[in-house]
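After this come two complexes, each holding chain A, first together with chain B and then together with chain C.
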Partner chain A sequence: MSTIPNSSPTVTKSHKPRLAVFKFASCDGCQLQLLSCEDELLSLADQLEIVHFIEASSQIEQGPYDIALVEGSITTTSDRGRIQTIRQQSKTLITIGACATAGGIQALKNWADHAEFARSVYANPQYVETLSTSTAIADHVRVDFELRGCPINRLQLIEVLQSLLADRRPRTPAHCVCLDCKRRGTVCIAVASDEACLGPITQAGCGAICPAYNRGCYGCFGPAAQPNCDYLADWYLQDRMSAAKLVPLLRNFNAAAPEFRDCGDRIDPNSDSGESL
Partner chain B sequence: MSDYRGDQVESDSLRRLNKDEFDKLIKMLADQGYTVLGPKVRDEAIVYEEINGLADLPQGYRDDQQPGRYRVAQVGHNNYFEFNVGPQSWKQFLFPPKLTVGTAERDPASGWTFATPNQQPPKMAFVGVRACELAAIAVQDRVFMQGPYVDPDYRARRESLMLIAVNCTVAAATCFCTSTGTGPKCQVPFDLAFTELEDSFLVEIGSNRGDALVDQLVTVAGADLDRKRAERLQQRAAEQIRKHMDTSDLRDLLQQNSEHPRWDSVASRCLSCTNCTMVCPTCFCSSVHEVSDLTGDSVQRERVWDSCFNIDFSYMADGVVRNSRRSRFRQWLTHKLASWHDQFDSSGCVGCGRCITWCPVGIDLTEEVAAIRAEPSTNRQLPATQPEKTICVVPERARP
Partner chain C sequence: MSPQQTRTIEVASITRVEGEGALKVVLENEKVVDVQLAIYEPPRFFEALLRGRPVEDTPDITARICGICPIAYQMTAVHALEVALGIEITPEIRELRKLLYCGEWIESHGVHMHLLHIPDFFHCHSSIELAKIYPAEVNRGLQLKKIGNHLLEVLGGRAVHPVNVTVGGFFRAPTRAELYSLVNELKWGLDAAIDVARWVADFTFPEFVGDYEMVALCHDTEYPMNEGDIVSTGGLRVAACDFEQSFVERHVRHSTALQAVRLPAETAYCVGPLARMNLNRDKLATTARQLSDDLGFDWPCFNPYASIVARALEVVHAFEVALNIVQEYRGCTPARLKYKYRDGEGAWATEAPRGLIYHRYRVCSDGTLAFAKIVPPTSQNQRQIELDLAAYLPRLLSSDDATIALECEKLIRSYDPCISCATHFLKLEMQRR
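This part shows the complex of A and B:
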């Protein structure tokens, strides 16, 4: 054990960074993760000023903001304009969750006739104004950091906020779920059973939960770095499952993430519109 | 560490004991303060976990292993060890997946205090270690204890370790220890090595500690007939091995074929998912990082398993060094089978076949080696002037 004197006292900032949370087309689950940081929330509030967080407080302040957390995807023309304003007012813009980073589950409409969807859901679809696609925030404005997941992992959210406060690079993994399965001692269900698991092509972040409970990975955190989706799909199609089952597995919460989208389109004979934006 | 005896064990040192006595051995080890770890069926596989007696073992189980496929089933025999290595290796206990190696605490008055956690690793006994696994432990001993930098945690775990080995009597379709010269018969280091006969065990003593254990069990001298029965079973395992890897001049072959088209072929199949390195009993890569609380006043330095297949593993100031699946697979295979010789004076492969079984898409390194050997291209000869022990890494292209 060794001790060194405190030569550099903690830097006192002139003001606490102002944090804002914004919602687009989404279920709110990701911003709720910020509220789920129960133990850390007070400590966070010590270091950040939360000035715009409708889910938590009705006291809302105008921009500019130091940090904007953006949840949800772009599905309307008004949202397309609103994200531009938020970008202009925010020093650092971080997208959180599968909707904001890949278009979310609602991006399934990219493959379908959205007018038909509106007709089947709403009695008076003429009042619904919507785009024909659901797209990621990064398709519209410059994004400083994308935090994946459906929902995001609150520990990763803390890590990202902490890294901003400390002015360092956030440490979030680019590797796939398999590494985390092995670290926690889970038996590989892709090899030891007939389950189709997306773990080998999916970015880690969840802690490899599903395989630990004998379920294949659903790909909630989107494609890992340089994923080989095509070969894994071809392997599963050999004798494990049909394209009719594998395509929906790829077209899930991260359906429109380019690597999952392209692989699903390649093996789906009926697909032609996923790429059209 | 045990005073392991030489390779040649006199046949008159063989003892025979009945299966109840083996149960007594497990309990005796626990009484002596060992955490006893051994094979157990869990989640459709044979894994290594704490065991309390013979009843915990996979009696009657067999495994069926193919590239990218593993199944276990009860097949009707009564033996406790009639299966081959599974998804885990013993390295998880000697080189844990996650370890806190240091802490730092900041106090407003006195400043930073750095400490090394006072780790008291458990005293462990491994029961059911196979020949290839003994060889793997010997490889990791060289990596962690016999180089210039000794890993104190590994050494502490290793020095108190009791190694109870078992000779394989069957082989999986993915086994190839006969090619790597590491099995199927157990070679030292071991304290005891058992061969399971129908009604009893034959035990070979590998150290004085092992001898002392056997002294406390009811045994009889192994008869010539017992020895022959054991040898026949070991022979059966050897004959069941179908997979082969020609290791002659393998180091030079791979190093002279660093631009072979086969690397492109394997890159089209490889998922770069890290599974082969995680299940490999000799792969030893890790990353160390600091984890702090929100105030930044309390920091833990953690070591976690990492892999050359992780794109971030080769991230350096200039970007990612191995920025393609091709370069990462080539790094793994050429390190394991070629430059390992330069680094540790042995191959890094013990022929256990785990990387073949547990590759989610069934990539078989023996086939990759055979393909390169079939059509070697001397595309990039190592310059004659290059010093033998230098491993030179050139960035392929910076990360976008």
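This part shows the complex of A and C:
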């Protein structure tokens, strides 16, 4: 925005924190949440200098950056190098979304025969260069804050950015979805229906949407703090649900989050382990 | 004989598109010999990772292919799976699904027009820069997008990756009060969308007319969204489930996206708002239909830059349809139809905001998915974009490399390419030799 005069004459350009948005393997949905802050977008743009956001601006500036928002997971050798460079250039690095914090849905290939995956999708798999795993950003570089969700909640994103501007720690809950269902007055899916619900072991932040829409939580915000995954899995497996249904439920958008991964591997009769790092 | 002239121009990252890719142009003695859209978006192998999973996971997982158009994936997936499982949905579920798709067209077209595309017409790098010149217009665009998102939230649970869509219908039908609460903003949105259409129709478009075969769904009585036959400006008409008889995907070295071409001659074709408008304009809702006449535009239109006018008219249409469905809504019981698992196969096509999208699945009697094939809009447009660039470049060659790169990006953006979708799409590298 170098051609645009500052709206406030008292704030010089160099004092505005420089924000950069980076994308790795992902669907763009989390960075879209920044554009979905319709009422806050232009005001945020006054407080921050958005200097690198390929999806939103054709003006791209080099680092260093004050705040880097990183979406997506590491699936190629070149991306493994790129995240190192971004880390070196960024004062605060925040990962946004399940791909960046846990490897995303594409981490399902950690359990699969990668060469066979490539052959089944591409006629010429030799043109496609990827790693056999999809891994979280924190597996590669130091991460200052993780924002969970598939997708992230835009209100939480605003909270994180405003906290950084105010130089305080972001306030995002680590409790499980169940508490938010109680607040919403939603009847418990796990108890009152035959649906499996991951609410007891999943971090809040979505607003407890799924149970309010008559379906079980599918864990898109990843494991809550100290989740008792094994107890919940065993309770479902007693007489409520088969491993054939429960394993895929644990193994979706946060499949490679350690707590979900270990529990899924324990109850999956067919799996060695998704721990392929 | 003069030595060969070599000139290299690179656009490493095409900006203001969804996902990441690059462009490479090869010139020999100032003649364009090759144009390659390179999609370097890392592959995520969706078609492979769906196999063996419960069929009900399909709409949730395929939604994650694209954060801007998850409904397109969810709608195409559930319809294809319902064919495979022998489920016939009720008229009430059909109307709610159309309403949900209206929300996505409003949101996705809103993002593309106001945040990605319109800045090009005013030489701005971003909508934030555009907002300094046109604050009211940018804010109006953001409000329209917000209404689309709100509709998705009410009916789908959230705007990105909604949770309410499932095989056989919806997990929960909205109450009448929930949908009626949208009436006022939909009315405001319809009026605002008409103003946007009048605004963008007055833009100056580069003179460029492509020799296109345009492909879209065509429905007997409605502007296409969730169903229809596949028709083209070249005279094709086949059932949507027969897509693969007329189109095939090819895997090229420079891209992690597959490129779809038209059989038998493997020619390029294009999908999207212009294709839909050229083939279905008579079926627009009343206000949008009248507006399309009043704008003074020559239809059919084969100028890709003018696709923004088609997009704006489709937003008017989507508001009109949504308002009508909401006002007529009397509830939906059951919200979800029961079904039994069986061995079966089903294929379906719908109209994503950026064009026709096709899915085919095979299901097993144990309730798992055996096979998935997904053809997104951008892989269908990719070859045509390359040909457009090759046709457009000669008039630019006396310009400096930065200008050429910028003009190429503008042409690419007019297609609203979704590179995340196309991964199974872009860097400009220009070689002049």
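In this text, the second predicted complex is superposed on the first by the 262 of 277 C-alpha atoms of A that agree within 3 Å, B and C clash if a C-alpha of one lies under 4 Å from a C-alpha of the other, contacts with A are read in each partner's own complex, and residues count from 1 in each chain.
Heads up, the rule we're going with is that contacts are C-beta pairs under 8 Å (C-beta built on N, C-alpha and C of every residue); 3 or more make two chains touch, one makes a residue touch a chain.
Computed from a prediction, not measured in an experiment: that's the story for all the values here.
If you put the two complexes together on chain A, you find that chain B and chain C both fit without a clash.
Of the two partner chains placed around the shared chain by superposition, chain B is the only one that A:R184 touches, whereas chain C remains out of contact. Of the two partner chains placed by superposition, only chain C is touched by A:D79; chain B is not.
Of the two partner chains placed by superposition, A:E61 touches none, neither chain B nor chain C.
By the touch criterion stated above, A:A25 is placed in contact with chain C alone, chain B being left untouched.
Residue contacts after overlaying the shared chain place A:Q47 against chain B, while chain C stays out of touching range. More residues of chain A are touched by C (comparison of chain B with chain C). When the two complexes are laid on top of each other via chain A, the two nearest Cα atoms from chain B and chain C are 11 angstrom apart. Touching of chain A by both chain B and chain C, each in its own complex, is seen for residues 1, 3-4, 214.
Against chain A, in their complex, chain B makes its touches with residues 42-45, 47, 68-71, 87-88, 92, 97-98, 106-116, 268-275, 278-279, 289, 292-296, 304-307, 309-312, 324-325, 357-362.
Contacts from chain C toward chain A in the complex involve residues 13, 15-20, 41-49, 51, 53-54, 57, 60-61, 64-68, 70, 111, 115-116, 119, 125-129, 131-132, 135, 138-139, 142-143, 145-146, 149, 157-161, 163-164, 166, 171-172, 250-253, 256, 258, 335, 406, 409, 420, 424. Per the touch definition, chain A reaches chain B in the complex via residues 1-7, 10, 40, 43-44, 47, 158, 162, 166, 171, 173-176, 178-179, 182-193, 197, 199-201, 214, 225-228, 231-232, 235. Those residues of chain A whose C-beta lies close enough to touch chain C in the complex are 1, 3-4, 23-33, 35-36, 38-39, 41-42, 45, 50, 53-60, 75-76, 79, 104-106, 108-109, 112, 116-118, 120-124, 127-128, 130, 134, 150-151, 206-207, 209-210, 212-215, 218, 220, 245, 248, 252-253.
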